[in-house]
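First chain A sits with chain B, and in the next complex the same chain sits with chain C.
Moving on, here comes the complex of A and B:
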């Protein structure tokens, strides 16, 4: 009977990461969970912070504005993520097929730039680009005779604007993930695939696409989580307006948490989003994830 | 079988960890303890004053103390920053400031108060926050300083502030918590040259005249007669919504403290705003102060009703194309006369700061809002709350906006232009949303007013105003 021994060097190497994760990830999660069961209004602490059971969750379920904002978030997801996947795959195929490796490398570096820009700056730049009177987008449209579009002043164009900005910023991320998937395909597999399937769509669908599925699953999980917590860019660009037309769920939660300062309800909303995230992630894994042998 | 189950559990745990990190990024920040706000400690024993009171002598015990102020990116704060070195040189007190967007300033300060982190000593109090900050005990009553001979400048002269400013911006329930610092009244700024080109020899006297006469004549060739800043937020609720209901005889609450937005006067004002929109830029619901000020300063809009504090943008050739054309008037009258917007900020002392920092902060507030510095503050771009500064003929000639500003404060000042009770921020959020939707036409004026009335009543009821738990203070 062998005695299990603790691998202390391994523990020492892993410990800092685990401690940080506990401090910045698990503790706030548990705190939010606790607060979600309390009456916790920061500006009315004199009312106390007693446990109120599921009262905050009931309030969220009965809050039409919360569900409307969640619906808008779903619309935003449908507008952005499929476009990002299509454009990302096309860019990845283009770069992967490049003969000049130096140019391919340069393109990959360029793809990092939009991802590296902070969302607040993206929002500010977007506000300038999409300004009705002096924005660059309307200037380009005016060259082909299109009258000025009130991008940020009307509900539908405002939603389209934040979607376009998000597509611009995150398509490169999808492209980079897809490039990594394509790079797993060995030259032999690709050559025999060409012989069997020919080129073009058949080659992509039968040979390359299976290698992209793990990346696609990761993209879906990360983009879902990103979109559910997307705040900075939207707040700077439209502040959730005009009206509530771009008030995504994270903007709404911020309003409840940091304008009304009702931390109990805001925490309940955040916990419900967490549950939604986990359920969707499991669904993605079940639907799309396939192990591919390189 | 067991292995598969083990993997499934592992996958769930991994996902939970990933999303815990995600939630930490998007969820509310760890909130502070629920203990009540710390009571302000007694001030340091006042040294006996020998001879005449001077700032240098009063500040001697606080030499080397650093205080932190909350500032905005607006002319009045830049003016204060310009004057600060003089105060630091006289007193040896370091004054640091953090410039933040207006939208975040309440949030940051409330988190500082409730977390008792004491990051800010010199508190910026918007006219609509005074009730919340004072009733919560987050700011200190100033009487403890101005009744202390060691700290009170004999020239302090509280009666020298415009009464409406001290009353509205700094006082809650008859106790003074802040001294007026960045003082606004709504003023009609107009491009005289545009009006003259269109055949007008002066600005409109009434809102109806603005819409029916000036609107059609000035809205052409991509230029607009008027712009009413209406972006969602306090801009929509205060600068747009409230601005239009008062001159037409409306109000937020009636004399019985009941919501009053479905009254004839309030509805008339809101309907008028809808009609006036055809003479405004099409994306006006996205225009904040910046866009509105730039619209006038770049010559694209003929008239705006904006806070007096923005005057410096129009008179500086680096930011304005209409330096020689800018002119001023009292906001137009409605059927019940002019009811210009009232807004602004006082500076107060944080209850969480140490006694030394509190005293040092008071000395700074007293100095920057003093009659002695009022003219310097105005010349640097600020708008003082001191009456004496506006009587100076030299300054009157240099700043022609003084006249409508002083008339607005003295004759038409409306202390409840926006209620100052702690519930206003929540009400403001609702007005900002529904008010914008009204302008976009996604809800009718009547339905929107009724919806808001119901929501406001619910908020006030829950707060205890109708059960008698809370005094009906605005």
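Moving on, here comes the complex of A and C:
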């Protein structure tokens, strides 16, 4: 009997997952790779779908709009993630240090709500709150004497709007990640830290901050991935407009594929995005899952 | 004699200080709760306001609620149909994810085999892949197979995130079941399937339910695949909601009523699994 005897019952338990994942996960990616080397215009299929070598990739590299959409995505990251981290950490410190334990528990539960809400609906509510004429945001601003802002009608305010909505939705996520970091600090460490470092900033920097570092790394990597994916909220709130001023990379590729119908070029863009995503995932795994590969 | 009043005053200052801490912390907490729940409140109240009240400046805080918009939404039928579609798609995708994912998670938790590291890598990578990368080829494949605007196309594509989510969360759960339980059952003559279905599955049920709820929320909320793969017949609720933004004159009331109906089940589920949501979103890296 050979040593590597196959455990057939175990294979039968795991096989469906492997087969389905290959069929709906890997096969489409190979399909996209194939299409990315073809001429493939959905509205001009009479032109045929012949292989065109790297022509689509050359087109992407020369496409200023594609690089601009990546640049805008980076800009969006800069507008949102630092704010989410600062507010997230502050909220986490506040909730973790609350004396009123029942209220602290309630806050932790309620913070889940923004994270879970359908992003499409978040986009719709954003339309309402940021409406120029009767939106609540402009009403609040009018109380301090600011004239109405056309949030969704001009490029910069539109970018600020989607950033604010993203900050609203994802700051609670950062806060909850940070709370789980803070909860790892034992009471003894905290007490002796208070004696050594005093309170306030010293306590935070020397005692609490080290516990927040792993969560911070996770937040940075996951937010990067999620911003590269971001589509629904922006699609509903601004459709990438006005003009292309809020067209983040996923929104742009969707437009090239499903509104311009150039599947070849869109696939080439998607493959480049995929490579970016895999590099990110590699980094994430190296940081957090070394043990599972053993 | 002289100690007593002093102690009392110390106690009183301490009491005052506690009261003060409670007060300012309560105030900040209230502010945060208002900030994070205001959009939800605004959505629900707009759904219940008359159209005139919606456009009022300054906004009306006290108003006579009306179910008019919900009635319109119900009578027009397309929203109700889209909610049914969402329910069919999300429930099927969730059930399939659990049926396929839980056994795989068990094997991953218990056995060593070649290719295991690659499988892990695929599962985690999935968390990072932008859906547009899968949506483009999936659209072309579904078109060739004549599966556009059919529930099954969406259900299948939702497995690309449903299965990994279930596998990831359930592996932890199966690892928590002691190996000795398996070994004792094997000694008693049970085969692997019996060990899995009769013993491990019931023991891991809490974790499986949590992963199912998270998979349901993710499927229920999804927009891009649904936008690309459905037209009229299989259109899900998020697509229906997004369609309110096209055409002339936005109907805010019915739109917010639709939003409320979409968000309601998600809110209930999210509150049920509030402790596990972050674990699900970080694929277990943050407990």
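FYI, the second predicted complex is superposed on the first by the 249 of 294 C-alpha atoms of A that agree within 3 Å, B and C clash if a C-alpha of one lies under 4 Å from a C-alpha of the other, contacts with A are read in each partner's own complex, and residues count from 1 in each chain.
Methods note: a contact is a pair of C-beta atoms (placed from the backbone, for glycine too) under 8 Å apart; a residue touches a chain by one contact, two chains touch by 3 or more.
Just so it is clear, the model here is predicted, and its values are computed rather than measured.
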| item | value |
| --- | --- |
| Chain C versus chain B, contacts on chain A by residue | C |
| Which of chain B and chain C A:132 touches, first, second, both or neither | first |
| Chain B versus chain C as contact partner of A:84, first or second or both or neither | neither |
| First (chain B), second (chain C), both or neither touched by A:229 | both |
| Chain B versus chain C as contact partner of A:259, first or second or both or neither | first |
| Touching partner for A:161 - first (chain B), second (chain C), both, neither | neither |
| First (chain B), second (chain C), both or neither touched by A:94 | second |
| Contacts of A:45 with chain B and chain C, given as first, second, both or neither | first |
| Chain B versus chain C as contact partner of A:278, first or second or both or neither | both |
| Chain B versus chain C as contact partner of A:73, first or second or both or neither | neither |
| Residues of chain A at both interfaces, chain B in one complex, chain C in the other | 21, 24-29, 31-32, 35, 133, 225, 228-229, 231, 239, 250, 253, 257-258, 263, 266-267, 270-271, 273-274, 277-278, 281, 285 |
| Chain B - residues contacting chain A, complex | 11-12, 15-31, 34-36, 103, 107, 110-111, 114, 132, 136, 231-233, 281-286, 300, 422, 425-426, 429, 433, 436-437, 439-440, 442 |
| Residue ranges of chain A touching chain B (in the complex, touch as defined) | 21, 24-29, 31-32, 35, 40, 42-43, 45-46, 48-49, 132-133, 150-155, 158, 221, 225, 228-229, 231, 238-244, 250, 253, 255, 257-261, 263, 266-267, 270-271, 273-274, 277-278, 281-282, 285 |
| Touching residues (chain side chain A, partner chain C) in the complex | 7, 9-10, 12-14, 16-18, 20-21, 24-29, 31-32, 35, 91, 94, 98-100, 103, 107-129, 133-134, 136, 139, 168, 172-173, 176-177, 180-181, 214-215, 218, 222, 225, 228-229, 231-232, 235-236, 239, 249-250, 253-254, 257-258, 263, 266-267, 270-271, 273-274, 277-278, 280-281, 284-285, 288-289, 292-293 |
| Complex contact set, residues of chain C against chain A | 18, 21-22, 25-26, 28-29, 32-33, 35-40, 42-43, 46, 54-59, 99-101, 103-104, 106-108, 110-111, 117, 119-122, 124-141, 156-157, 159-160, 163-164, 167, 191-193, 196, 217, 220-224, 227-228, 238, 241-242, 244-245, 250, 252, 255-256, 259, 262-263, 266-267, 269-271, 274, 277-278, 281-282, 285-287 |
